[in-house]
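Below you'll find the structures, each written out as structure tokens.
There are two complexes below, and they share subunit A, which is joined by subunit B in the first and by subunit C in the second.
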Partner chain A sequence: MDKLISSVAVRALLAFLLLVALGPILWTVLSAFKDLRDIVTPVPKILFTPTLDNFATILRNPTIRDGLLNSAVVVSAAVLVGAVLGIPAAHTLARYARKWGDDVQFFVLSLRFMPPVAIALPFIVLYLDLGIYDTLFGLVLVYLITTVSTIIWLAVPAFERVPREIEEAAAMEGCGPAEIFWRFSLPVAAPSLFGALVFTFVLVWNELLLALTLAAQKATLPVVAASITSLGKEVPWGVINAATVVLVLPPLVFIGLLMGLLNSMVRSGPK
Partner chain B sequence: MTRKRFVTLTLIPAIGLLATLALVSIAGAIWFSVMNRTLRSADYEFVGLHNFLRLLRDRRFFNALENSIIWEAITVIGTLTLAVLLAVLIFETVKKPLWRNLICFAFLVPVLLPRVAAAFIWRFLYSPSLGVINYLCGLVGIGPVEFLANPSLALISVAVVDIWQWGLFFTVILLKLLETLPREPIEAAKLDSARTWEIHAYVTLPMLKGPLISLTLVKAVESLRSFDLIFVMTGGGPGTATETLDLYAYQMGINMGGRISYASAMSVLLLIVTTMAFVIIWKAGKKWTN
Partner chain C sequence: MANITCKNIVKSYGAHPVIEGLNLEISDREFVVFLGPSGCGKSTMLRMIAGLEEVSAGHIAIGGTDVTDLPPGERGVAMVFQSYALYPHMTVADNITFGLRRQGNSRAEIAPRLKQVADLLGLTPFLERRPKNLSGGQQQRVAMARAMIKTPKVFLFDEPLSNLDAKLREKLRTEIRKIHMQLKTTTIFVTHDQLEAMTIADRIVLMRDGQIEQMGTPDEIFERPRSRFVADFIGTPAMNFVRAEIRAGDELCASGGGLTLTLSPHSFPDLVAGQKVELGLRPARMELCGQNSHNAIHGTVVLVENMGAEGQVITNVAGAEVSFVTKDFRSLSPGDPVTFSIAPDHIHVFDPETGRSLRKD
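Moving on to the complex of A and B:
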């Protein structure tokens, strides 16, 4: 009997934990389909007539549409350039740089931890002087710090896991280092590399401070979302919830990949 | 192509770009911190340590410093405690792989949310008039509680959101690490009829000491970037009750008046603290992997 009670208690606790993890998000999704009338009720409503008005408002609003577009352009450009520069560098660091490779990796990872304010302040002055303040190019440039460093950081272990025999056999066949990288190491490491790119994408997609500081008209989606609250006197909660849902969707698509990345990192981590 | 040329060709563009951008921001921050540059005028001159000395007399700076320290303590301790407790609980009670995976997926969702989105989600939940949390408080006879408008509650209320995102994420990492541990020491402890909590307190968690230290330091550095969450949820208010260092630096340097130099002095201090923390993380990480 005791066992039964404790197993019921454990189940209840786990159900509660799942509710704490997902409840707030589900509630937001639910509220995104609500009329403002159904949101502003003394007792929270579970049953209501769903409406698409909030999403329509968002997609019709030019500021939000532009934000979505700016975010898509800036984030994909920064991740793409980051990948082109970072992935070959990571391969070299993993394979050819024994002695000073550690120092380079230290430097690269330390950038990932720089306080964004310390980047934002000098760059705003520099951008104003250079005339690239409030341009998509400027945002991409500053995001390269994040993307290149994160991609190198995550791609080095991916290349270290490529079996050495493959590369040695290719070298015996007379392949040069570039060919070995392109034809042998890259395809083997590709799945983990994809995970790394996704992780980097999420990081930059979520970024607020730099986008807020270095652009005004060319605002990205987080900046636009952050400014919705001040639309008029009445807080448009339905619209805010719908905007949150739009903001949340792209990162969530990648959750399975993040899980795989985590699994492989834990497995290769403590030896 | 020779190996040496390949190495140069792959490393120089990436590292060169990073070094340039990093140098611009670090040198720029230090340079402006000893000047009197503002966003209003392009003229500026050398003022030495004036900005740093003024910080020492700035009440609002010490308020921000205090808030940052409290924020660090709450979020780091809260995240790690929650993660350890939940990871052990799930490790002991959920044995079916399907359920475990389901829980892991659910726990990864919050950390993937953009901070701005997480901030909105919780502002909505916290809302005194239409939030679910206050509705639940009302059912048990408390409230309405002004989670974000009450100066003594606001910082903790925002920290809860940070712990919600990171604590659940770290739970998944710790659970995966627990699964990789060898079974023998745990079985041996069981034979000695150790209790479940004793096994974890004296056997498994000490085996994970290295990763736990690394996670703590990673969270400590990550917590220094409190900006997004606090900016959207309270904007530093009420008053300056939730204003941390990076928020104050932003307000000073960009939002009001654009006192770049004064804000730079603050960001230089932040930079020094972060660098010191990072060097420790790196050394600890190296020690653990070797």
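Moving on to the complex of A and C:
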């Protein structure tokens, strides 16, 4: 009987915590489908007639559409190039340069110590001189500092957890260093690396300050979303909520896609 | 033909030498065990033969070909690791066949060989599973199958049974030996377990501090240890050591530590009266005897350890502990006076300074 009570109590507590954690998200999603008068009513409405007007407003607005596209291009490119450069670097640090690994890792992390403003101001000047101010390329370049460093920082421990014997067993079968990395270290470390990529993606996706300072016309979604709040005197809550949902969706889709890719990659060796 | 020749092998990490000028010849089809305490260089030696570790100086040849500078994949050797080192992202079948598939063999070509090794090691029901869904023993069988399917010139085992429980260890040990009798592939097996080495080896290479302490068949190592270190390392329960002095008289005789034992003059012709020696007495070579028997040792029982069929009796002989093994241990209890003896042929005599055996036959 005691057991039952404690089990029920634990479940109730968990349910409560879940509600606290997910409540705001749920509310945002619900509000995205509400008319403004359903949102601003003093008594919150659970039952309402859903509308897609908010999403229509968002997607018809060229600024937001461009922002979404810019974000997608910039963030994907920054994470992709960051992964292509960072993951092999992390493997090398973990396996062949353990001696300097800690120093390099710390240096890489120290890049993240700097407040973004400290980078942003000199970069404006540099970018204007180089002629890459307000270009997607410029944004990708500055985001690479974040993506490469974060990916290296998170991927080194992921590769260190790959048992050395697995790589040695592969070497015994005649695989060279590149083949060992591609066919063994990478797939075995994949679940941890996946976390690193997602984390990096989200970090850059939500970045506001650099995007705000280094681009004007080529605004990314966080910049656009921030500007929506000042659309008019009457705050368009429904539109803001819809914009939030649109902002959150790509990382979720990205996570799903990446997971599928990893699962298929991890399945087997050569056909 | 796949004999292995190691010539003047040196391995050092920085300025610190681990192996200094080691020479070793392993003939075709031989099952050799590298035995020694941890840190003696046996695993390093194996990894150098495998190609996973660079040789600082010297040469290694397998089947007459100098492989010193060849990468591991081109040496024609296969290795089984202590931690199994299975590929976690592949099924058992994919694990076993990876090497062959990599060489460009089609699955159809590989299938009969896969079936053969899977049957031999009892892995057929598990071929589609992932390694993490197998027990330790099954995982190690997969690792062995992966090594065997390539029909290498040499098998290398790096403490393959150390992560298994005692019962399984014994079972797999027998299997490895049986498979070797069938395939007759030259095998090097590294272990720190002397019992494992004794039971499985054609020849034991006993190492200590990067040097070969003694090489020989299990019988030679057990009956004719060349040093106190070897004698102490081999055999359970461990050998008793008693400091003694050679006595003057008609018979070759040593006394000390409360006992006086006759030695075989044929085995120790060079001993002279007054010489300080260390006697080595194997517990398994001693047995209960009557009060006035030849080479009788008198002591008091301290502890009786029941090992099932036999028991180890630990006795106090003039303040020092001496143990022996007997089937009739059940009649003994702590505090009892006890008399036991050892045949002169089974007494080992070592130089107390150098630890070298003084036996001449």
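We take it that the second predicted complex is superposed on the first by the 227 of 271 C-alpha atoms of A that agree within 3 Å, B and C clash if a C-alpha of one lies under 4 Å from a C-alpha of the other, contacts with A are read in each partner's own complex, and residues count from 1 in each chain.
Following the convention adopted for this analysis, a contact is a pair of C-beta atoms (placed from the backbone, for glycine too) under 8 Å apart; a residue touches a chain by one contact, two chains touch by 3 or more.
Computed from a predicted structure; not experimentally measured.
**Student:** Once the structures are superposed on A, label A:L30 by its partner contacts, choosing first (subunit B), second (subunit C), both or neither.
**Tutor:** In the superposed model, A:L30 contacts neither subunit B nor subunit C.
**Student:** Let me test your reading of the model: by the given contact rule, A:M172 touches which partner, first (subunit B), second (subunit C), both or neither?
**Tutor:** second
**Student:** Considering only the touch criterion stated at the top, classify A:P163 as touching first (subunit B), second (subunit C), both, or neither.
**Tutor:** second
**Student:** Can A:A225 be said to touch subunit B (first), subunit C (second), both, or neither?
**Tutor:** Only subunit B is touched by A:A225; subunit C is not.
**Student:** For A:L136 in the superposed arrangement: first (subunit B), second (subunit C), both or neither?
**Tutor:** neither
**Student:** For the three-chain arrangement built by superposition, which of subunit B and subunit C touches the greater number of subunit A residues?
**Tutor:** B
**Student:** Quick one: is A:V73 in contact with subunit B, with subunit C, with both, or with neither? Answer first, second, both or neither.
**Tutor:** Neither partner.
**Student:** For A:F184, decide between first (touching subunit B), second (touching subunit C), both and neither.
**Tutor:** second
**Student:** I'd like to check the shared interface: which positions of subunit A are touched by both subunit B and subunit C across the two complexes?
**Tutor:** 176, 266-267, 269-271
**Student:** For the complex, give me every residue of subunit C touching subunit A.
**Tutor:** Those in contact with subunit A are residues 50-52, 71-74, 77-79, 81-91, 94, 98-99, 101-103, 146, 150.
**Student:** For the complex, give me every residue of subunit A touching subunit C.
**Tutor:** 163, 165-166, 168-176, 184, 187-188, 190, 266-271
**Student:** Which residues of subunit A touch subunit B once you look at their complex with the stated criterion?
**Tutor:** 10, 13-14, 17-18, 20-22, 24-25, 27-28, 31, 39-44, 85-86, 88-89, 91-93, 96-97, 104, 106-111, 113-126, 128-129, 141-142, 144-145, 148-149, 152, 176-178, 181, 202, 205-206, 208-209, 213, 222, 225-226, 229, 237, 240-241, 243-244, 247-248, 251-252, 254-255, 258-259, 262-263, 266-267, 269-271
**Student:** For subunit B, which residues count as touching subunit A in their complex?
**Tutor:** 1-3, 6-7, 9-11, 13-15, 17-19, 21-22, 24-29, 31-32, 37, 39, 42, 86, 89-90, 93-94, 99, 103-110, 112-117, 120-122, 124-125, 129-130, 132, 135, 164, 168, 172-173, 176-177, 180, 210-211, 221, 224-225, 227-228, 231-232, 246, 249-250, 253-254, 260, 263-264, 266-268, 270-271, 274-275, 277-278, 282, 288-289
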